[in-house]
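Labels A, B, C and D are assigned to the chains in the order they are written; within every chain, residues are numbered from 1.
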Amino acid sequence: MILNNNILNIEDLVIRYVTEDGIVEAVNGVNIKIEKGKTLGLVGETGAGKTTTALSILKLIPDPPGEVVKGNILLDNIDIMKANESKMEKIRGEVVSMIFQDPMTALNPVITVGDQIAEAIFIHQKVTKKEANNKAKEMLEMVGIPGNRLNEYPHQFSGGMKQRVVIAIALSCSPKLLIADEPTTALDVTIQAQVLELMRELKKKFQMSMLMITHDLGVVVEVCDDVAIMYAGRIIEQGTLEDIFRSTKHPYTEGLFNSIPNIEDRKAKLKPIRGLMSDPYDLPKGCAFCDRCDYQMEICKTKKPEKVYFSDTHFVECHLYNENKDFKLNNGRK
Amino acid sequence: MLIPVMLGVTFLVYFIISLTPGDAAAMILGNGATEESIKELREEMGFNDPTIVQYANYMKDLLTGDMGTSYSTGKSVAGEIGQRFPNTFKLTFSAIFIAILISIPIGVISATKQYSIFDNAGMIFALIGISMPSFWTGLMLIIAFSLNLGWFPSSGMDGIRSLILPAFTLAIASTASITRTTRSSMLEVVRQDYINTAKAKGVSKKDVIRKHALRNALIPAVTVIGLEFGILLGGAVLTETVFSWPGIGRLMVESIQRKDTPMVLGCVIVFAVAFSVVNLIVDILYAYIDPRIKANYN
Amino acid sequence: MSQKHENENIKGIMDIKKRSQWADIWHHFKKNKAAIVGMMLIVLFVCLALFAPLIGDYQDDALKMNIRERLQSPSADHWFGTDEFGRDIFIRIVYGTRISLFVGIISVSIALSIGGFLGSIAGYYGGKIDNAIMRVLDVILAIPAILLAITIVAALGASIINLMIAIGIANIPGFARVVRAAILSVKDQEYIEAAKAIGAKDHTIILKHVLPNSMAPIIVFSTLKVATAIMATASLSFIGLGVQPPTPEWGSMLAGGRAYIRDYMYIVLYPGLAIVLSVLSLNLIGDGLRDALDPKLK
Amino acid sequence: MLKRLLAISLILVLVLGTLAGCSKPAEPTATEEKPAATEEKAAVSKAEEPKVEVKDEIAIALDSDITSLDPQGHNDTKSEAVSFLLFNRLFRLNTDFEVVPDLAESWEQPSDTEWVIKIKEGVKFSDGTEMTSEDVKFSLERSQGMPKVKHVLAEVESIEIVDKYTVKLTTKSAFAPFLYSLVHAGASILPKAYVESGDEFVNPIGSGPYTFVEWVSGDKVVLEKNENYFDKENMGQTSKITFKVIPEGASRTIALETGEVDVVQALQTMDINKIVDNDDLTLYEEPSTRVDFFAMNNEKAPFDNKLVRQAINYAIDKEAIMIVAIDGAGTAAESVLAPSMLGYKAADYEFNPEKAKELLAEAGYPDGFDMTIWTSGDDRKRIAEIIQSNLMESGINATIEMYEWGTFIDVCMKGEEESLILGWTSNPDPDSTLTPLYYSENIGGMNFSRINNEKLDNLIVSAREELDLNKRIEIYNELHEYIMDEAPIVPLFVKNNVVGANAGLKGVELSPQGLWNIEKIHY
C-alpha cells in the first residue's frame, strides 16, 4: 500500500441484493480512489449502482436484502469492512458524512432543525448541549440561513432551505469526505446553482474531499475535479475532467454527451442512446453496454472488457482499444 | 367540535331508548297503583308529550346534572352512576395502560427485528389476541389464575389484586391491535430518508429507533389508542359482567334486565361522553407530538 | 407487421392484462400461507354449517335434553363432552356456526348496503351533502359499537332479527367511511371525467365506473367486519341480549356454562375456541386480501 | 418464514389449551387429582394445629344485592336478613320456628279477635330515643299500606294504644296463627320520628342488635354491633358484619375457600363436596320449608283452562329439574307446601308427556301454543330451560325472559306475566303460605298465580279460623287435594338449605328458612 494521500480507496467492490424475485447484482467490481481535497464525480443512469456504492462506504446497506460479496474499502486508512458497528458510529458524521437526494424527506419532521444539527455535534465532539446549540447556530448561518430560525421545524422551510440544513448537518463536524447523492436534483435550477456555489465554498473552507453522485454532466463540470462513469454496476471510464470531456473514450460516455442539448448549435439533432438499461437480474456475459453500443463487436458479446490505461488518471473498459489505443470515436459511425 | 356530537349522541340514544315498550309511569309507581294515579303521573312527568318535547326536558335537566330517577331503585340516576363510574374508569384506564405498556415495545422490537422469531411470535400473538372475545378470555384467566393457582380473586372489587385479572382481560384485545399498528407504522418510518440521515450522522442504532423512529411511529399509534378506547368501553360491559365488577358496564346490563330505561340512557351517555373526551385528549396529544398539526392550530 | 396481425397482438395483451389481474391477486394471496390457513378454516366452518343435519339432528341432538348424560367430559361419543342439560356440545357448536355465520353475513350486508349507499353519495357529491352525512355518522361513531348494539337490542327486545339490525346499524359508519374514501380516491381519475363528458348519468357512473374500481378496500373491510360481527353476536348473547335459548349459539353456551367452569372447564373452552378460530380465520383472510389487493400496503 | 409462522401458532394454541386443560380435574367423584392449590393449602393447615386468629368481623356472601333497607319495602329473604339485624319485631321465630317474644314483655287474648301486647320498657333506638306504643301502632299501620307486605297484617282490624307500653290489636275474625304474622320482617317496629323525617332509609335508625354503616349498591352492606342493645343475652357477637354481593355461584365458593368471606348463605349445590372435602370449612345442610314452583297466570288464556294447567303438570320432568337445579340436595315437591308442614297431604302428578298431550288436545290446543316464562337468577334460568325443553316435547313453544330480582317481583305482582318460576319460604303454619299465595284478595300482591277460586278461599279461611288442631288438619288435607286438582301451579322441589362456613365459626344456626340468628355468629 503506497503512502497514498487518498482519502478513499475502494477495490474490487461487489454488492448484490437477494430478493424474493431473484438476485440483483447492483455493484460488480468497482474501483474508486479519491485524493485528499479532490472531488470525484460519479456519473451514471439511475440504477447503475451509484447510491449502493455510496451507502457501502458508510456501511449503511440494509443487510437482509443487501450483501457485500467481496472487495474492501479504505476510508482515511480505516478498513471499513472490518470496522464494527460502534467504530462505524464514530466514523459516520466525523470522518465521512452524506447528503441525500430529496431534501423534502431528508429531515425528521418532528424535531427542530437546530436539534438535528446539534445532535451530530453533540455525538462527536465532547461538548455540552449549550455549546452544541451555539455551534449549530453558527453552522446555520454558514449555510446562509438566519440563526434565529434554529428552533423552527422542517415543514417551515422551502426545498432549497432544507437542503442547506442537510448540508449544515453533514458539515457540522467538518468531515474529511463528503458524499453527496444527487444533492441538487430535486431543486429547481436557480436554487441548484446557489447550493452548488455553497458546496464549492465550504469544500475550499474545510479542505474537504467530496464524492459527488449525479447524472447531470452540468453539475460535474461545475464542481468535480475527476469523473467516473458508472454503468450496470461497473466503472467503465474514469479520468480527470479534461480526459473525459476532451478525449471521451467509452461509447456510453459519448452517448451521454450526445444527449445534452447544445446551446450554440440549436439545430443539432439529439442522439439519445437507444434501448434500456440491461436487466440487473441477469446481466449479459460480455460488456453490459454491448447491445446498446453502436460500435458493437463480436468480442463484446462474449468477453468482459479489460481496463485500458491512457494515462495514470484515465482508463476505460472497452474492447475497442484492446489493440489500437488511439481509436477515435466519431458519434457512432464505425 | 365536541358539543354538537354530544347533542347528537344524546338525541340518538334517547330516540332509540324511547322505542322501548312498556309504560314508564306504571313502572315508577310500582304495583298496586290505581289507574288514575298512573294517568296523573303520566301527565305530571310529561310522558304523553311527543318524544321531542320529552327529549328537550331531559336535556334541560341533563345540563343541571340531573339524569332523572331510576325506575327500580328510585334513587337519582346521576348519583348511582357517579358512585359506579370511577370503578369503570379505574378498569378501562388500567387496561389501556397495560395495553400501551406491552404493545408499543413489542411493536417496535418486532418491526426492527423483522422476519425474526420474535417478530413472527409477536404477530401471531397479535392476530390471536384480536380474535379472542374478552368475556371468554376472562373465563380462561379465572380458570387458570383464580381457580387453580389461587393468585387472584375471581370477582368483586377490593384492592389491586382484584383489578389485575379484569384489566388484563380487557387489555388483551387492545394490546393486539395497537401492536399491529405500531409495527406497521414503525416499518413505514424505518424506510424514510430521515432515518438514513440520522444514521449518516453517526447516531447509534438504539438512538435512531428511540429518538427518531419512535416519535414518528407514535403518531398513527396515538390515533389507534383513541379508537381502541372506544372498543375498550364496549369490552368493559362484558368484562364487568364476567368479573362482577361494580362498574357502569354491569349497571347498564342490570338496568336493561330491570327495564330501568333512565339508567340505561344515563349509562350510554356517560360512555359516549367518556369516549369523546378521550378522543379530544388524543387530538391534543396528537398536536403535541406532531408539530405540523400544531402549526395550523395557533 | 401487417395491420391484422398487430391488433391481434394488442388484443392478446389486453386479455393477458385482464385475466392476470384476478390471477395475479390469487397468485399473491396463495403465497401468503397464513391467509390460506384462514381460508381452509373458514371453508371448514361453512361446511359444518351447511352439512350440520348430516352431523346431528337439530331437534334430537342439539336441543333435546337427557339429564342422565349430563356433564360428561369429552369422550368417544361426545367429542366435546355434554353440557349441563346432557346435550352434545360438539353438535351445538356445529349448529352455532350456522347462527354466527348467518348473523355475521346478514348484519354486514345491512351495514354494507346502507353504509355503502351513504358513503357513495357523500364521496361522489361531496360538499354540503358529504358534510351532513359525515357529521351524522360521527354521532353514531361516538358511541362504541357494542354499546350501540346493546342499546338497540335493549329497546327492540332480544331476538335474532333485532340482533342483526343492531349489529348492522352499529357498523354503518365504518362502511360509509370506507366506501367514501374509496370513491374519493377513484373519483378524480380521468376516466370518470371522460364518462361525465360523454353525458353518462350519475348513478351509472357510480355503479359502472366508481364502485368496481373501489372494490378492493370494500372487500377487505367486509371480511374483517364479518369477524367483528361474529364476536358481537357472541358478546350480546353472553349477556343475554342476543340469541335466546334453546337456540344453540356460542355466546349463550359460554354464559350457560359459566357456573361450571371450575369442574367442567370444557363446556366453556370449546365454544370459546370456536369463536376464536372463526374470527381468526376471517382476520387472516382479511389481511391476506389486503396484502394481495393493494401491495403497497405491505 | 411462514412455515415457522404456522408452527408457532400451533404451539401457542396448544399451550393455551393445555394451560387451561391441565387445570381440568378428573371426574368430580374421583378426588385424587384435585386442583393443586387447594390440596397444598389443606395439607399445610392439617399439619399445624388449625389455630384461627380471633377475627372480630365476618363477611357473608349473598347471591344478589338486597332490594331495600326498609323492612316493609321488600319481601325477599336476603333483605330480610339485614332487616332482622337492624330492627326488632314484637315476636320472632327461634331456629325451630317456634314463636318467642322479642319486644313483647307479655300478652293476653281477651277474646277470639283481640290481642293485648305489652312491650319491654327502656328499649332504645340507635339514636337514643325510647320505643313506645306510639312507634308500634305507627309501624304496624304503615305495614298495612306497604304493597310488598300488606298481606302480613291484612287480618288486623284495628290497632289501639292502651298505655305508654301497651297496644291492643283486633283482628277481623278469629285468627289462630296470628302471632306468626307478627314475626314477619314487615311487622318490624320502626321509630316513628325517623320514618317521618323523610330520610327514606338512606341511613336507617333501628333498635336491632346491629346498626347501619354503609350500603354500596351492587357491592356490599356493612353493619356494626349495637353496643347498648336492650336484649343482653342476644347481643351481637361480632363487631362488624359485611354482606358482600357475589352473583356468581362458583365465585362465592372460591371466596369462602380463599377466606375472602366467612359464610356463604346460598352455597351452589354443585360445590357441596368441595366444602365437605375441605377441613377448613364446615357444611350446614337442613331441610327447609322453601317450595320452588312454576306458577301460571290463571287469569290469562290458555291458563284459565284447568285441563291446560293439569297438562303442564304432567309435562314437566321434576326429577330432571331436581338433578340440574339443586344437584339432588332436596326432595321432590308433591304439593303446594313442604312435607314438614301441618296438615300436609301429597297429591302429585307423575311425569307423563303423553297424558299432557291428550289433556291439551282435550282442552282444545291439539298442536300446543306459544307462551313466555319469566324468572330471575342463573339457577332458575336453568330450571326454565328444562321446562322449556319439557314443554317443547308436548308441543308448547316457550320463550324465556330474564329479569333482575327487584323488577321481577314488581312485574309479577302486576300480573303481566304468563308464567314464572319462584320460591316461597313459609313459617310452620300453613296459613302463612296459603293466604298470601292462593287467597283471591291477594291478587296483585303475592298471589302470583292470580287464582280466584271461591271454594279454595272458603277452605283457607275456615282452616285459619278453626282453633281445634285435628279439625284444622282435616281441612288442610282436603285443601291440599282440591288445590292440586285445580293445579294453579306446578310444585317443583323443596330445596335443602345449604350454607358453607369457615370451620372456626361458632353460633351458625340454620332454620327451615336458612341462616338464622346471624347476630350469634362469631369466631
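To be clear about the criterion, a contact is a pair of C-beta atoms (placed from the backbone, for glycine too) under 8 Å apart; a residue touches a chain by one contact, two chains touch by 3 or more.
Note that the structure is a prediction, hence the values are computed from the model and not measured.
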Greatest Cα-centre separation from chain C belongs to chain A
Using the touch rule from the top, work out which pair, B-C or A-B, shares more C-beta pairs. B-C
Could you please state the distance in Å, as a whole number, between where the Cα atoms of chain B are centred and where those of chain C are centred? 23
Whole-Å gap between the CA centroids of chain A and chain B: 54
Between chain D and chain A, distance of the C-alpha-averaged centres to the nearest whole Å: 90
Just give me the whole-number Å value for how far the CA centre of chain C lies from that of chain D. 47
Which residue numbers or ranges of chain B touch two or more of the other chains? 115, 127-128, 140, 143, 147, 257
Any chance you could list the residues of chain D touching two or more other chains? 5, 9, 20, 23, 248, 250, 254, 402
Of all residues in chain C, which are in touch with two or more distinct other chains? 34, 240, 258, 261-262, 265, 269
Complete list of chain pairs which touch one another: A-B, B-C, B-D, C-D
Interface with chain D, chain C side, in the complex: residues 32-34, 37, 63-65, 67, 70-71, 73, 84-85, 240, 244-246, 256, 258-263, 265-266, 269, 273
So in the complex, the part of chain B that touches chain D is made up of which residues? 26-27, 30-32, 72-73, 75, 80, 83-84, 115, 117, 120-121, 123-125, 127-128, 140, 143-144, 146-150, 153-158, 244, 246, 250-251, 254, 257-260
Of chain D, residues touching chain B in the complex: 1, 4-5, 8-9, 12-13, 16, 19-20, 23, 35-38, 41, 147, 150, 216-219, 244-248, 250-251, 254-255, 258, 260, 402-404, 406-407, 410-411, 413-414, 444-445
Touching chain C in the complex, chain B uses residues 4-6, 8-9, 12-13, 16-21, 127-128, 130-136, 139-140, 142-143, 147, 230-231, 233-235, 237-238, 241-242, 252-253, 256-257, 264, 268, 271-272, 275-276
In the complex, go through chain A and note every residue touching chain B. 58, 60, 64, 85-86, 89-94, 97-98, 100, 102, 105-111, 116, 119-120, 123-124, 153, 155-156, 166, 169-170
